[in-house]
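Labels for the chains are A, B, C and D, by order of writing; each one numbers its residues from 1.
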């Protein structure tokens, strides 16, 4: 089968998203069923994504896999696609449109399990720094819901600083250094994935480390394995979900849709002070990987490509 | 006649370019149809208004960096107030939002006049202020725009004459044509060209600048509304409209520094930029290369224009 | 009983930061009267006009119009009250067409056109962009616009400074006629011939305060000068050198058959080291193009130019400068860095060229600049930004910058525009001194007497051709004017 | 002259002083809000973060002197940082740094060519080359996903290190700033920049060949942006495809807050440096406040406006 497939993504220049795109390409190439990928990959807003989706529809693709900029803003284009029998799969975050399949990381759960681990690590009481993502972003909102749920369950935990990093390394580092400078003590840090620079900041400023929750980014995972005195946990948030989305889209085109329209990929938590977690960390560690790339480059059960294939980042017909 | 050609040479060049791009599109996608054009027009809508607003601010000799933030305020206000509202209410909300846009722009202008701080600094500060306001109204994407409004920008009255295009042209024209013809329009150009001479010619400089920024705010509100109309919701984070608007205004022949240009050129430039985007997707160009191509086209067109202008001046 | 004055100002004061522009200025005008407002560069004349017309707020003083205290707070309000100025700087909006400019100021078109014709502009295209018109035309349009507003009081601030003689005549005639019909006129100029011809009375400003008021009568000039300067003027202007006294050798500049565009047809002349060669022409006879070519602004369409015997073709002013040609343009708006300091402006040519991008010798620069300022007596009270200087002082800066550099061949395009008597009396000897040191000077002037006061001989250009070459000693106004109007056709070039 | 007028004149002639006063005021507010924050560590951090910003803002300041702007500076800095970090494992530190500066120079040169020879407005030119640079970087990164990246210890030392309480990056920045401040007013090149921005025609008349100035200016701007990128990656230690991009708008802000005009002919790099510090202090101030994000963003804008409004009042002659 020679399908053409459209990809739409609205954040460029971010390691997670780059991995997602490479996973999509690798999965499409590995499946052998995709003739060409038509990728719209740029920095834009929901309206820009609507434009890209319509252009992909106009280009006549068989399926579209998108990482939605917003859960509800894209419904009109998704419905237009459905009217033309184009399969639509949203990855990473859900969309409201009925016509679409969703293969998503469970962001609320992401926020919840990391926070829960941290609060329990602190023995249920203490002061934490809460370093969120970007204000106004849907994923941040979902994670915040999870974080707040965990907070309710631990009434003696106190958030001393709450700040938006904008998912930017430099901003996060500057903020944590400011917090350290104020001299107001805190016992733990929850981050929304801007993690390795936080550890760096502690080390550079000679401040004693506190437990830190981050994502499974290569840089942070390596720190979890190697930095003396660092207690921390990585919550998985695989960028390779993009590959899963492509796999699901192909299944649907082949007439084997998944049972549920919504497939939630549950995050795992790898704490470096548990044996199981440490084993996961050691296994996943890959010092050659771009530090911004999540180490979980495959999603068993969905993706079929190899590590080499995703790193080569070649789509169908490319070499 | 020759003078008209001379003055409009840039706009005519843009028309030619648009035409050439249309041919390219047809070549890439032989099945390109009215629906492709319709989605092009819809995509161009918020850019068109943002660019029109920016163009007016540049014409009066300033620049408005807060355009995208004002659009965000307009879009969240509309989405929040319209959620679950009836047709009557939503019509009211539309006018309210336009009024808010006018007010935001007027505040920008008044601050520039009163504080004597350069335009770019004031509007840079207001970029943050209006973004903050938008976030305070809605801290995550949400709300709901009245369905009839969402419907308004879809479809076409005639094939190849999409509603969105009509809305853009009518929206800009309804505001700008009467102003351009009035003393205010002249005053805007005069202040942009030479504020001292304008003052000595009896122009109310402060009033003119405030008015121009208010118009910019009004266009931004229209842009924000169309943004909400196309997505159906309100988004507090400003989209990528600021630099795009400056680029389209300048591509469209509006001279930074003020006094020279119009709104037709910038609107054509918006269509051209959107069509380039569409062509790149239709041609399935590698996404990394698309960025390069977009940049090259932007630079290339202006370079070509610049070189041609230099040539013609020499001969 | 004397009739009530139309305008009566007294005790007017104005400060700009540390600069006191006006301390105690007074002025009275009656209907039908032309009053000359006199004063050296920087005395405060323009500031006074701006205050009277609401363009600036006064710090102190009273202004009465028709006997009642005036509340004029903007140029628009002044216009409504019948007080209409022509400012020292052109006031049309450069990017608007002439027609839109009229619409902007609510000027009726027909009277405006009437006045432009009256003032000697025969054909005017209303849809031309104002910025494309030559300076002289812009000045005339400013005046026509003012007249079309049917003023009660007309204020003209050095509006003739950039005009060629024929247009000046028209302006004077028109203004006199208007005064005779009951308009009150305040007239600012540094040219005594115009004052004598037009004005009834002179009110003199010195350092921001009014020092006196004298009726214009024969011989009053010296008194006015004394009032303006506080001392009598003793000038020792060198006489022009006759043909026999001039060096005969190789010319520094040899122009042959220069032509450009439609205005410049065929101009040839030789300019020798040590010589000051005047250029006389009415507006638009090709002199602008000629100087543009010599200064490297535009290439000639035809013809050749030799500098010290070597043929040259300039592509950029830097080429002309490298060939030793130095240009002082007529329109200072094109020459000055408005927002920069006097020092930077004067030092610009010193620092401008490639190869001079390295460190600046600040001491040496300061000395040169100070020497130029001293030499031209530039009023540097507001030296932080050249645009804050008075018009005449700005003009001095454009000349001063080339003094600091040192010159071989000097191209002066109406350099004394808006410069007061005293400084003029210093510039002519200066030009002569430069020539004596071996410089060659080409001196376009719109003031015919400058041919006699500063030049050795003059070429007269008409319709883009040299129609006559006249020795300075024989250059009477009448002879120059006849030639400039093309009335005499003895073939020119040397 | 009254004492007040004299003070006014003094401030007018030395516009950096009122800016410094405003900076001190902001720091005062911060210390009042969070007593004890004014410690060596915080000052060090603030300076460390302000330095790359001030360097990037140098690109804006100097191009603004001529009436231009360099919107590619953020991308250029990112490109050189990313290219350097990914080349270190392959070719070693020294060559990696040199190679990384090549694209920076190239992009700057292209900007210069467009501005000088095709009369393109620098805003459009640099916006376009910025896009091109981003695209090229994206293409490049596909080839280096597996090579990993490394920030050389030397740059880390420069970026994050502190010696006797002073950030090591001052070692680069102090001479850099001194050179720029010297160059802007006391070299022919600096004067030519102001001259072009103030009145291009007059500059030409005096023999300035604008194209030469533009070429050198934009190429240098690219180089400075590249160096700023290297310094920044030494500070953040996380090379990413968008590392320095968020600094673009602040770099423009630092220049304009510092009193430089985008329409040319006016400004000073000293003002820009203080502008960068003000922005950084503001960042801290707002980071430490507990309030809704919208309020924080709003306050950020308002404070910038108030500060510049006071500044304009103080220096108005």
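Please note the rule applied: contacts are C-beta pairs under 8 Å (C-beta built on N, C-alpha and C of every residue); 3 or more make two chains touch, one makes a residue touch a chain.
Chain labels with UniProt names: B = Autoinducer 2 import system permease protein LsrD; C = Sugar ABC transporter ATP-binding protein; D = ABC transporter permease.
In this text, all values refer to a predicted model and were calculated from it rather than measured experimentally.
Put simply, the chain farthest from chain A by mean CA position is C. When the interfaces A-D and B-C are ranked by how many C-beta pairs touch across them, A-D comes first. Separating the centre of chain A from that of chain D (ABC transporter permease), both taken as means of CA atoms, is a distance of 32 Å. Averaging Cα coordinates per chain places chain A and chain C 72 Å apart. Mean C-alpha position of chain C lies 44 Å from that of chain D (ABC transporter permease). The set of chain A residues touching two or more other chains comprises 12, 135-136.
For chain D (ABC transporter permease), the set of residues touching two or more other chains reads 134, 138, 142, 293-294, 297. The residues of chain B that reach two or more other chains are 135, 139, 236, 286-288, 290-291, listed in rising order. Here the chains touching each other pair up as A-B, A-D, B-C, B-D, C-D.
Against chain D (ABC transporter permease), in their complex, chain C makes its touches with residues 16-18, 295, 297, 316-318, 321-322, 327, 329, 334-340, 344, 347-349, 351-354, 356-360, 362, 384, 401.
Interface residues of chain C facing chain B in the complex, by the touch rule stated above, are 55, 74-76, 79, 85, 87, 89-96, 100-101, 103-106, 127-128.
The residues of chain D (ABC transporter permease) lying in touch with chain A in their complex are 34, 36-37, 39, 41-42, 45, 49, 134, 137-138, 141-142, 145-149, 160, 232, 235-247, 280, 283-284, 287-288, 290, 293-294, 297. Residues 12, 21, 36-48, 50-52, 54-60, 70-76, 134-138, 140-141 of chain A touch chain B in their complex. The part of chain D (ABC transporter permease) that touches chain B in the complex is made up of residues 71, 114, 117-121, 123-125, 127-136, 138-139, 142, 249, 252-253, 256-257, 261-263, 292-302, 304-305, 308-309, 312-313, 316.
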